[in-house]
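Chain IDs A, B and C follow the sequence of writing; residue 1 opens each chain.
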Amino acid sequence: MPAPDPAVSLRGAGRRYGERAALRDVTLDLPPGQTLVVFGPNGAGKTTLLRMLATLLRPHAGEVRVLGRSLPDDGYSVRGRIGFLGHEALLYRELSGRENLRFHARLHAVADPAARVQAVLEAVGMDARADDPVAELSRGMLQRLAVARAVLHEPELLLLDEPLANLDPAAIAQVAPLIGTGSGLTRVITSHDPVGGLVGADLVLGLKGARTQLLAPASEVGSEQITALYA
Amino acid sequence: MLTTAFALVFFYAPTDADQGIIQKIFYVHVPMAIVALCGFVAGGIFGIMHLRTRDQRWDMRSYVTIHLSIILAVGVLVTGSIWARISWGHWWVWNEPMLVVFLIVFLLYATYQPLRFSIEDREKQARYASVFAITAGAFVPLCFGAVRMAQNLTHPQAGTMTTHGPGSVTLTFLCSLTGMTLLFVTLCKYEMASKNATSKLRSLRRRLAGEDDFIPTGGRSAAPQI
Amino acid sequence: MRRTVAALLAKELALELRTGESVPAMVLFSITTYVIFHFGLNRNVIDGDLAAGVLWVTLLFAAILGINRLFVAEYEQGGFDGFLLAPVDRTALFVAKAITLFCFLCIVEVVAVPAFGILLLGPSLGQALPALLVVLLAANAGIAVVGTLVAAMAIQTRARDLMVPLLVLPLLVPVVLGASHATSPLLGQGGAGALPGDWMALLALYDLLFALIAYAVFDFLLED
């Protein structure tokens, strides 16, 4: 049986910021259901890569294909199938968690939004505080709501920028079924943790200075190689 | 090309020597205004082309056209003001649609460069500039119509002058209009060629230095760079 | 598209009710401006051309307050990203924001116009009211469309609060022109006159032209 189309496919992908390259010549294939973990120091291009895959940034060079569609031209058709968790929670501070999620559910045309929002709130353990304004919540709670927002529309591909930041071990355990290996979804994750980040990884990409320093299956990569990126 | 343009522009002076300084200004003021207005609209059209093709060269054309039209607009205001002073004794009159429209248009386009300058990302800067160029380009004729509606026309129209004046007036006017247009187009081409050369030089330097290296451009710029 | 606009509008309404940032400020500003005009012009009552001018200048500057705040929540709280990630027509954001601004203007005028009638206007407003409403609606539409477009342009620049008035005031000159000329016969000393048709036509043309342009062009402001 032929291999299925990769969920994420990059060929010489690049992105400029002004005169500088934010990302240069990245080439990789990620089969569906697998996890790509991206390591690298700050400014190496991890967030740029993630945002490009999320259709938030247009590629300036090379080819980018996500879920079988070419970006940026077919970006419209894949947006609803991608879940993005960035550095910001993307929630309106004056509204409650429930109202924010309701809004996103409507934007994504989720069927039966009220029920789905309730289900997701319970899944991340935020049901009790769902009606408080987001401004009153702690960072950990905010992160949990952000996770809820990212998976609300049942995406096929998860793009997670340091997803476990601000979460205590209990919270990490709680969101694991949604965004962890147990979810069965294709995932692209950025991480700074040379040991913990490798857990659950199938493919590892190390970026430095916007270029690919390391690209290998996770089984062949050790923590020392990751740490070397930051040297 | 440039010399021909200048020659044409000054051509009117000899044919017109007997008509007095007021008329001389007319031959500069009105063509300047017409060319500037067309320039602004052209800038808008180039903006549309830029958004449709995402080719930075259209943004360059849009920028240069608008840039030069702004300078012409200042010229229109200055010559118009002088004309008003001579003809009616005031430095400014609200009864002239042309003058009023150019004041408004100048105030609007004066924000074009600050707008460009305040957006760092090159592509974004070009896109926003094009949106501005299109909006402002559509605004110019509408504003003209609106102000004309509101004013009593005391401004001698180019049209009426040519129908009632002697043939030499029409000819001279058309000559200076042609001359002004050629001057404008020549200046546009000149500025675009100069910018092209600069950007080619920079990209060569970049390639020589190794493509990743960050070559400081000496600060941000309001001008497009290809 | 309609669904998206509805979702956005619901969110705008919830936010404005919760925070009350824009509308109360615009109302207060209008009334304060009337007071300033009273002292600045040194008149107790005004009518006709002067009244139309004062009214429209005040509404225009109050509108600028609203325009300044229009996209701030999106910009500061990552709202743009959240919207851009959704599989929706991006022009819906323009439509929703323009409708929001239009509604804000209408609400402000519900207070500001009677206040004008009480504080500064000589002739009574009663007769002029229906015609005045038509002018207000037409002008509000123009301000809403152009204001939203300019707000979206300015939000990405650094000196946003300065950029907005500088961009929006020249662009709204035809609106002020048309609205003022249309309003002045309505506020005449000898009782409300007829509504001038050609000025209304100008306003209508302006509204249509810029609505079309903004609709076509807005997408390009959002993408990256």
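Miscellaneous remarks
To be clear about the criterion, a contact is a pair of C-beta atoms (placed from the backbone, for glycine too) under 8 Å apart; a residue touches a chain by one contact, two chains touch by 3 or more.
Note that the coordinates shown come from a computational prediction; the quantities given were computed from them, not determined experimentally.
Summarising the inter-chain layout, the chain whose CA centre lies farthest from the centre of chain B is A.
Between the chain pairs A-C and A-B, more C-beta pairs are in contact across A-C. The most centrally placed chain, judged by C-alpha centroids, is C.
Inter-chain centre distance (chain B to chain C, centres taken as mean C-alpha positions): 31 Å. Inter-chain centre distance (chain A to chain C, centres taken as mean C-alpha positions): 40 Å. Centre to centre, using the average C-alpha position, chain A and chain B are separated by 48 Å. Across the assembly, chain C contributes residues 223-224 that each touch 2 or more other chains.
Looking at chain B, no residue sits in touch with two or more other chains. Those residues of chain A that touch chain B in the shared complex are 16-21, 24, 209-211.
Chain C contributes residues 3-4, 6-7, 10-11, 14-15, 18-19, 73, 77-79, 81-88, 223-224 to its touches with chain A in the complex. Residue ranges of chain C in contact with chain B, taken from their complex: 149, 153, 156-159, 163, 166-167, 169-171, 173-174, 177-178, 181, 198-199, 202, 205-206, 209-210, 213-214, 217, 220-221, 223-224.
Residue ranges of chain B in contact with chain C, taken from their complex: 51, 104-105, 107-108, 110-111, 114-115, 118-119, 124, 127-128, 130-132, 134-136, 138-139, 142-143, 145-147, 149-150.
Residue ranges of chain A in contact with chain C, taken from their complex: 54-58, 76-77, 79-80, 82, 84, 86, 88-95, 99, 103-104, 106-109, 133, 149.
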